[in-house]
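Quick one: the structure is below, and I'll ask about it shortly.
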Amino acid sequence: MTSDAILLFTVIPLFGSFVTLVEKAVPSLKVAKPAALASFFLSVLLLGLYGEGIYGGAVYSKVVGGWPRGIGIGQELDGIAWVALALVYLIYLPVLLYSFSEGGYDSRFYFFLLLLQGGMAGIVLAYDVFNLFVFLEITGIAAYVLIGYQKKDRALFAGFKYLMLSSLGITLFLLGVFLLYRDTGSLTYTDLRTWALEGMAPAKPVTALAWISTPFALATLLAGIGVRTAFLPYTWLPDAHGFAPHPISASLSGVVIKISFMVVWKLIVLLELSEARQFLLWMGSAIALIGVLRALTQTDVKVLLAWHSVSQMGYIFAGFGAGTEMATVGSLYHMVSHAFFKALLFLSVGTVILFTGERSLVKVSGLGRSFPYLAVLFAIGALSIMGVPPFVGYVSKSLIFEGLKNHSIPYWLLFAASVGTVASFTKLSLLFRGSPMVAGKSTEDSARPRGSFQRVEPTDTPSGLDTRPALQTRPFKSGYLGMSLLAVFCVLGGLLGTYGIQLFSTIALHGSAVSMGPAISVGTATLYGSALPNEAAASAFQESMQLTHGVTFLWLNGKEYLKTIVTLLLGYGVYRFIVSKKGKEVQAWANRLRISFDNQLVLLLVGLILLAVFLAIQY
Amino acid sequence: MNRVFKGAVLLLFSFLLLASVLVEKEPKEYPKSYFLEQGTRETGAVNLVTALYLAYRAYDTLGETIVLIGAVTGVLVLVGREK
Amino acid sequence: MIALLLISLLFLVSLGGMILSKNLIRKVMALNMLNSAVIILFIFFGSLKGTHAPILVGGETDIVDPIPQALMLTAIVVGICVTALALAFIYRLYDRYGTTELPEIEHQVHQNDQ
Amino acid sequence: MRKTNILDVVSRKLSPFILLFGVYLVTFGHISPGGGFQGGVALASGLLLILLAQGPGVLSRTFSLKGISLVEVLGYGLFLLAGLAGFFWGLGFLSAFLAPPGTIFILNIVIGAKVGAGITLICWHLFLEGEESE
């Protein structure tokens, strides 16, 4: 498969978005939805064509427009990029199907949805720092508008805060690009890598303090992207993902934050920043626990889920930060599994909000009998996030824990976070357990047709959130189809765990970010060849994870089962405490903890300074 | 987080920024020399900046037009009245 | 050296303004200034060596580095688009909350949550 | 404050020349200083001068809101097609598919029209605050 076509990954969604614009200009032509679907199928086809090449460790590089390498803009499709693109499209289809059935979205929504997909594909394939800046901006603009699309007041405020924080981050990123351009004279990843291998000496320092410029430059670069992936000021995420439209919060939480982390992954692997990994390890485990603790005190269901996204991202940071093979593969695997079950959870909880018009756990519970299928879907998502064996969460979490064995404190922080996750999801499952109640009134008698979408006019909406017009009864079939797809991914991801580990270990270690593989670059001449430093480690790890060992590690490993059971029991204990009277006071007190927007901006700078200090140690 | 903390963070950041920006450096020769010789021949543009952002780095410009049309439609969505 | 100092001062002032100011519109203006500061820094650095503009009229070879100038065109338009979106958001927030003062909006939001 | 007609006279007389200068910047972008972006912004400022000085009514007499957004959409489509044309010619996306000065010239005009239309639309919609946006 030649490497000329890798550019189509970004061009197909962007062309689809152009077609949706045609419908905006000429409303009679109903082309928006077909264009969105067509761009999905074309991209997945392209992905398949590159599949076996990537699995063989090939790396496809192409300079846009056929100019020489250092002049034009380079694009590269390697193992990590392939996994990221697969993730983008596997979450895109259910989100699309859900938005079809939820209705109320016109062609401009699909324009921005396609822009989001094109932007993410552009980020993942970029091999030029400034091109990365442009595509970060495209994804940003699509995300800001999509968050505030339904123009509810909380969503608008959350979208505005996300816009300001993310733009501040991107401007700092631009500052980092300038500093690197000043020291290296070029913008491509390759020259950055050669500069990093030569010890990152800033050219001809004049003042005694000139050595600060390199750690500062890298810190601004990483912090700039880090804002997007809930690095340090993670406080924007609960509002932004909590109050966005349901398919959008699923897509944001599922994929967008992971794609920006993959860029951080590429940069760290590219520039060999081992100190930044330490920063990630410590901060990741801290965020994991903080996220769960804040989630335990929430009553709004979607904000609760958004806080869990923060904590699960903490797992991914800690896994990548630890650096051992097992943890790195676990981190990559957890990115995929978190995308599946978090998207499923957001969509299923979103359907509950659509059906009952209620967002808070206090107001709605016990829907199990009237929506049994929805309860099953939610249960699959909840069990996966808790790390219960047959599901995908179990596989990636046990990999991360295995990889973190020798880091004692982060291990226990993550363990506490898992206990908290179990507790808060038993609390969230109240939606489907207990006595049926909607908007404060018990609805024992109301026989609701199965699977149909009937919005009850919310009687007392405290925050005027859901002021949609009154009843719309419409079958919700394609929404259920989308959610069932995600549920199937969750189950398959778990059962085929050992094959998953094989796939991700070859990709994470072999064809990793910097074409560390033997750079069999198909098509144009070998551009970025560099010997694989951990070739031995990769093959050793693959042998160790051969099918037999993989099976024993995952399914016949008593220790893992014991650990899961202990987590479940402890989690249930914490759940009992929260539901008790004393627990309610703690919740009320914790809910008053608010961080004002200005402090979030300051938090970004604090994160940047911390990162600079960590990088300075290595320097 | 009271004012003192904010002030301290800003001061620390400005120290880092000043230390890394106030460094006398000259831009490198390599990419510029290539454009000097090949620029007009390959793209036919005398104005090198136009040659750069429309031929060599046209992909950035494509990205930028997408940002522009995204912003226009975004403003339309956000400011437009419900039909 | 003095020019670099002035540009970084512009950067720091706008960063401080963005964090300390209470009015949303002032924050967006500060963000715009921040963006311009980085753009000026880029172009200033590009023009340190060489005297003439990068237009090869009459065989001029001592030209300024054209790359930052080409990149900054994109950065400027990106800055415009972000500011436009931010103003659209502020318009909607004013429409709903009746104020553009951040503390007041946050106060009303917390009130609604209780 | 009585509305003097200096504003009307000046803006009506001045804006055609601004627009002309904008067109010059766009078309001579690859020879003289200027180019798609600067020309587009000059075009937009010409239109906005009328919008601010005499209100949207006068402006929509000559340039309809729908027409400008159509220009925007077509500009975006043309740029994508120009890129794809390079791709189908086997040279790869966005490569020069015409004789050397050709691609630059066409791309320049497309970008100029698009940036001009884009910025006018942004200011127009913000100005109208969505009253009669379609």
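A, B, C and D label the chains in the order they appear, each numbered from 1.
Methods note: contacts are C-beta pairs under 8 Å (C-beta built on N, C-alpha and C of every residue); 3 or more make two chains touch, one makes a residue touch a chain.
Quick caveat, the model's predicted, so the values are computed rather than measured.
Give the chain pair, either C-D or B-C, that is connected by more C-beta contacts.
Most contacts of the two pairs: B-C.
CA centre of chain B versus CA centre of chain C: separation in Å?
About 11 Å, centre to centre.
Taking the mean of the C-alpha atoms as each chain's centre, how many Å separate chain C from chain D?
23
Provide the C-alpha centroid distance between chain B and chain D, rounded to the nearest whole angstrom.
21
Rounded to the nearest whole Å, what is the centre-to-centre distance of chain A and chain D, using the mean of the C-alpha atoms as each centre?
Each chain reduced to its C-alpha mean, chain A and chain D end up 38 Å apart.
Return the residues of chain A touching two or more other chains; collapse runs of consecutive numbers into ranges.
Residues 14, 21, 24, 64-65, 130, 134, 137, 141, 144-145, 148, 151, 156, 182, 598, 602, 605.
Could you say which residues in chain C touch two or more other chains, in rising order?
Residue numbers touching two or more other chains: 11, 15, 19-20, 41, 45, 55, 71, 73-74, 77-78, 80-82, 84-85, 88-89, 91-92.
Which positions in chain B are in touch with at least two other chains?
6, 10, 13, 17, 21-22, 24-25, 27, 31, 35, 46-47, 49, 53, 55, 57-64, 66-72, 74-76, 78-79
Which of line, ring, star, complete and other names the graph you get from chains that touch?
Graph shape, chains as nodes and touching pairs as edges: complete.
Inside the complex, what are the residues of chain C that reach chain D?
That would be residues 53, 55, 73, 76-77, 80-81, 84, 87-88, 91 of chain C.
If we count contacts the way the header does, which residues on chain D are in touch with chain B in the complex?
Residue positions touching the partner: 29-36, 69, 72-73, 75-76, 79-80, 83, 93-94, 96, 99-104, 107-108, 111, 114-115, 118, 121-122, 125-126, 129-131, 133.
Report the residues of chain A in contact with chain D in the complex, numbered from low to high.
Residues 4, 7, 11, 14-15, 18, 21-22, 24-25, 62, 64-66 of chain A touch chain D in their complex.
For a test of understanding, state which residues of chain C touch chain B in their complex under the given definition.
1, 4-5, 7-8, 11-12, 15-16, 19-20, 41, 45-46, 48-50, 54-57, 61, 63, 65-67, 69-71, 73-74, 77-78, 80-82, 84-85, 88-89, 91-92
Would you tell me which residues of chain A are touching chain C in their complex?
Going by the criterion above, the answer is residues 130, 133-134, 137, 140-141, 144-145, 148, 151, 153-154, 156-157, 159-160, 163-164, 167-168, 171, 174-175, 178, 181-182, 462-464, 594, 596-598, 601-602, 605.
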